Amino acid sequence: MICDKTKQALQSLFPKATPEPAESSPAIPSSEAQEKKAKAPAPRQDGVVERDYAVHGYHLDAQVSPDQLLEAVSILDEAAFFIESITGVDWIKENQLEVVYDFSRYDFDTCRVVIRTRLDRNNPVVPTITGIYAGANWHERETHDFFGIKFEGHPHLIPLLLPEDADFHPLLKDFKA
Amino acid sequence: MVAYFTEIFNGLLSLFIGMGITFKEFFKPTVTVAYPYETLTMCARYRGHIELVPDEEGNPKCVVCGLCEKACPSDCISLAGEKPEGGKKKELTKYNLDFTRCSLCGSCVESCSFGAIDFSKEYNLASTRKEDFIFNLLQRLEEKKK
Amino acid sequence: MNAPILLQPDETFILNVGPQHPATHGVLRVKMEMSGEYIVNAETVIGYIHRMHEKMGELKTYPQFLMNLSRMDYLGALGYSHCHVLVVEKASGIVVPERAEYIRAIMVELNRIASHLFWFGAFVMDLGGFSPLMYALQDREHILDMLEAVTGSRLTYCYFRFGGLYNDIDDDFIAAARRFIPRMRKSLKKYKALVTGNIIFRKRLEGIAPLTPEMCRKYGASSAVARGSGINFDVRRNEPYSVYPEFDFDIPVYHECDSLARYMVRMDEIEQSLRIVEQGLDKLPGGPIMPDKKPKIIKPPAGDYYQAVETARGSFGVRLVSDGGKNPYRLKLRSPTYSNMHLFDEACRGMMIMDALAFMGSLDLVIPEIDR
Amino acid sequence: MRLTLINVVIAVVAAIAFAALNAAYLVWAERRGAARIQRRPGPNINGPFGLLQPPLDGIKLMAKQLTIPGGADKAMFIAAPILAMFPAIMSFVTIPFSDTIVAKNMNVGILMIFAFASMGGMSLVFAGWSSRNKYAMMSSVRAVSQAVAYEIPMLITTITVVMITGSMDLMEIVRQQSGSILHWNIFPVLGNSHNLLMPFSFLIFFTCTLAETNRAPFDLGEAESELVAGFHTEYGSMGFGLFFMGEYANIVVGSCLTTILFLGGWNCPFGLFPGVWWFILKLYLLIGTFIWIRWTFPRTTIYGLLNLSWKILIPLSLFNLLFTAGLLKVF
C-alpha cells in the first residue's frame, strides 16, 4: 500500500521517530471540557499522523518544519503524487501561519497526503516547491496574495488574483476591508 | 498514393455528411420564442424576488420574528414591527428588500415558519436607477389590496 | 509538427489576448510573446473577476455560504454545491437520506451534461463553427427547464442543503428526464456526424497540444485534461462519494494526449452521465429528503476536513478548517480549472496562436471558477 | 452595342446598383439562412420577413462616426475599404448575364476579372497594415499567403476550361456550353470535350472561390475567435460596412464566374423562362451553397489551408491541366 510506504518515507524525515501519542483526533467533543481542550491544544509536534479518511477526507497528515519541506515534497514527487493545492491558515492566537500542501494520486491506490508547516506570523518565509512541482507556481502566488507568505526562490512572486498593486492580505484574520 | 486519395475522399465525404445534417435542420421548425412578443409562463417554483403573503383580510401574515433578516446572507432585508396598543401580536410596520444585493438564494423563505413570504414570479425587472430596486414590500402589499 | 523559428528577443512582439477577447470566454488575459504566428512565451493573467469567496466563507455562517458555491461555476454549479454540503455533512456527522443522495447524483449528472453541452458548443465556436453551439444550446435548454422546475433557478442553483435538499422532485421531472435521455442520445449521434467526423475539425485537433501525463501530474490537472492524456482519474471512481458506487458507468480515457482526446473524453462523458441518470431514476428510493435529526445550528467540531468531488470541470475540493464555531475558520476552495489553466503557459510554447486558442478551448475554462 | 458615354454610364450604374443591392440583401439572406439552419427565425421584425433590415443597418452604419486609430496610416486606412468594394463592382462590367445583358463584353473577360480579383487581396493588406493593430497585421499577413496560394489552382483550373473552349471571351465560353445540360463544362459528356475530370475541376474551382472570397471555412483573415475581427478590427461605421459589402459582392462575382465557366451560364436545361433567369437561379443556388457551407463547418488553420492548396489543389489541378491537354491533342 502506498500509504504505508509514504508514511515510512515521511517518518524518516524525523530522526527521533518519537511515536506520537495517538493524537486525540478532534472527534466529536462530548463535553464542554473537551471542547475547551480542543480549542487550546498543546502545539503540535512535527511528525506524521495517520488520519481517519472517512472523517477527515485524507490519509496522512505530516507536519514538517520549513527546512524539511523540500525533502518531504520530493518524497511525494518520487512516489508519483500530484499536487492538489497549496493554501494557508492564519492561526492568529498562536501568532503563526500555517501553509498546507495537499497531494493526491491518480491511480486507484488512493492516498491523500497533507503536508503542513508552521511559520512565524511576523516573518513568514518558506522555500518554494516550484522546482519540484511546476504547478505550485500559481498556488504559491495565491497564498502569497492572501496571506503574505513569502515563498523563497519563487520565480515570479507577484499578485495573481489580487490587483497588481495590492499590498494587503485579505485572508489574514486581522484584515479589515 | 492510395492513402493520399482515400484521405481526400473520406474528408470530402465527411464534409458532405455535415452538410446533409445542416440541410435537414434547415427545414425543421424554429424552436425559439420571440421574447418580447411571446413569453413563457414561469414555473411554479421559480424564484423571483420575495413578496409578503397576505392573509384572508389582505394584511401581512408576518409576525415580525426577524428570522428572515438573520438568515439572509447579504443583509437585504430590513424589517420592523410594533405592538399596537391593546393588541397581542406585533404588527409589521416596515419591510424593505434591497434587491440590489439579493442573490435569490431563498434562505429567507425557507427560514420563515409562518409562510409569510414567498417568491414572486416577476423576472422582467430593469431600471436605470438603483433606488427602483429597494422594494418596500409592505407598500406593495397594500397596493395589491386596493 | 511546426517547429517554431527561434528569433532574437527583439524580433518578437507582445500580443495581449484578452481581457476582452472572443476566445477567452470571459475576462482572462494571456500575455503572449509572439514570433509571427508562433508563441514564444505566454503568461496568463487571471484575477479580473476575483471575488474572494474564501473570505466570504469565513464571514458567513455555514448555511449562508451555500449559495456562493453556485456562483463559482455558472455552468456546472450543482457539482460545487455538492462538494460543499458533503464536507460540512462529513464534518458535523449529518446523515443524508438515501433519496436525497440519489436526487443529488441525478441533478449533478444532468448539470454535468448541460455543462459539457455548453462547452461543446463554445469549443466548436472557438474553431469557427457556429451552428453546433445552437444545437447544443437547444439540448441544454431541456436540462435547464427540468432543473428550473425543481430548483427554481436556471443557472445559480441553491438546491442542496446540509442533510438533504431544498425540495423534492416530482413525477413531471422524472417523466421529463426519461424523455430527455433518448433525445440526447439521438443528438449525440448528430454531433458525431456533424462535428466529430468532420475532416476540418479533426485536422485542427489531431496532434495539437500534446500534454504528457507527467506534465498533468506536475500541475495537478484533472477532468478531461488528465483523462485525455491517458490518466484514469475520476474522483467518482478513485474516491467514491455519495451514491456513485451504486452506479455502473465507465470512465472514458484516451491515450492520444491531444486536443481531440480531450474533446472525445467529454463527449463520451455525456453518454456516461446519461447512463447514471437513467440508473438513478430506476433505483430512486422513496423516503424523506431531509434527515429527521439535524442540528439546528451547524457547528462542525474543530479539525480540518477535505472533500473532493468530480465536477464537470474536474476534481473540485473543499478544505474546511473548523474551530467549532458557527462560521468556518478557513474554507479553501480548490478549483480544477485553476490547475488546468496553469498548464497553458508551459504547454502553448511553440504553438501557433490558432492552435493555442483551440487548446485553450479544450481545457474547458470557466473564468469565475478560476478567479473565485 | 456602341460604346457611347451614356451606355457606359448606364452600365456602370447598373453594375454598382446590382452589386450594392446584392451585397445588402445577401447579408439579409445570410442571416436568415443561418437562422434557419440553427432553427431560429433570424431578422423578422423590420418589414415583412425582416426585409427592411439591410437598409436600416446601412443607415445605422452611416450614422456612426468613422474613427481612425492614432498612429494609423490615414490614406491607406481610408483607401482599404474602397479597394475592397471597387474591384468587385468593376468585375460586374464584363460579366454576361445573358446573350444580350452585358455591360461591356471583352474577348479577355476572364483576364479582367482575375486582375480585379487580385486587387481584393490588396485591400486586406492595406487595411491590416494601416490599422496599426497587431491582430489586423497578423490577419493581413495571412491574407497575402492565402491569396497567393489560392490564385494558382484557380488560374490553372480556369486555363483548363479556356483550353477546352479555346476562348477567353465569357460569352463565347457560355455559347459553347449551349445545347443540353450535358454540354455544360461540369458534365463533359457531350460538347467539345470529353474530359471526365471536369467535375473535379469544378470542385477545385469552387473551393478556391471560397478561399478567394475569404469565406468560411477559409475566413482566416477575420478569424473572429483568434484575431478578434482580423483586418477590419479597427474599422467602424461605413468603413466596416464597405468591407462587409465587398465580401458579398466578391461572392457574387465568384459565383457568376463559376456559373459561366462550369454551369453553362444562361443556358437553360429546358426552356421555361428566359436565359437570364436561369443565370440568376444558378447564381443564387451557388450563393446559397456558400452560406450553407459557412454555417456548417469550422474554420481551417492557416497551415491546413496552405497544405490544402499546395499539397492537394495545385497538384490535382496541374494533373488535370496536363490530362486535358493530352485529351485535346489526341482527339
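Going in written order, the chains are labelled A, B, C and D, and every chain counts its residues from 1.
As a working rule, a residue touches a chain if its C-beta (ideal position, glycine included) is under 8 Å from a C-beta of that chain, and two chains touch if they have at least 3 such contacts.
Everything numeric here is computed off the predicted structure, so don't read it as measured data.
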- Item | Neighbouring chains shared between subunit B and subunit C, ordered by label | D
- Task: Counting C-beta pairs in contact, pick out the pair of chains that comes out on top.
- Result: A-C
- Centroid distance [mean C-alpha coordinates] between subunit D and subunit C, Å: 43
- Task: Indicate the whole-number Å distance between the mean C-alpha point of subunit A and the mean C-alpha point of subunit D.
- Result: 64
- Query: Roughly how far is subunit A from subunit C, going centre to centre by Cα mean, in whole Å?
  - Reply: 26
- Message: Can you work out the whole-Å distance between the CA centroids of subunit B and subunit D?
- Response: 50
- Message: For subunit C, give me the residues that contact two or more of the other chains.
- Response: 131, 135, 138, 194-195, 198, 200
- Message: Using the touch definition from the top, which residues of subunit A touch two or more other chains?
- Response: none
- Among the residues of subunit D, which ones contact at least 2 other chains? 37-40, 295-297
- Query: Which chains touch which?
  - Reply: A-C, B-C, B-D, C-D
- In the complex formed with subunit C, which residues of subunit A make contact? 25-29, 35, 38-39, 54-58, 80-85, 87, 89-90, 100, 102, 104-108, 110, 112, 114, 133-135, 137-138, 146, 159-163, 170-171
- List of subunit C residues in touch with subunit D within their complex: 2, 13, 15, 21-23, 34, 36-37, 124-131, 134-135, 138, 194-195, 198, 200-201, 203-204, 352-355, 357
- Note on the structure: Contacts from subunit B onto subunit D in the complex sit at residues 8, 12, 15, 18-19, 21-23, 25-32, 34
- Note on the structure: So, in the complex, the side of subunit D touching subunit B is made of residues 33, 35-41, 44, 203, 292-293, 295-297, 312
- Message: With touch defined as at the start, can you tell me which subunit C residues reach subunit A in the complex?
- Response: 46-47, 50, 52, 54-55, 58, 87, 90, 93, 213, 216-221, 226, 231-233, 237-239, 301-308, 315, 317, 319, 321, 323-324, 329-330, 332, 334, 338-339, 342-343, 346, 371-372
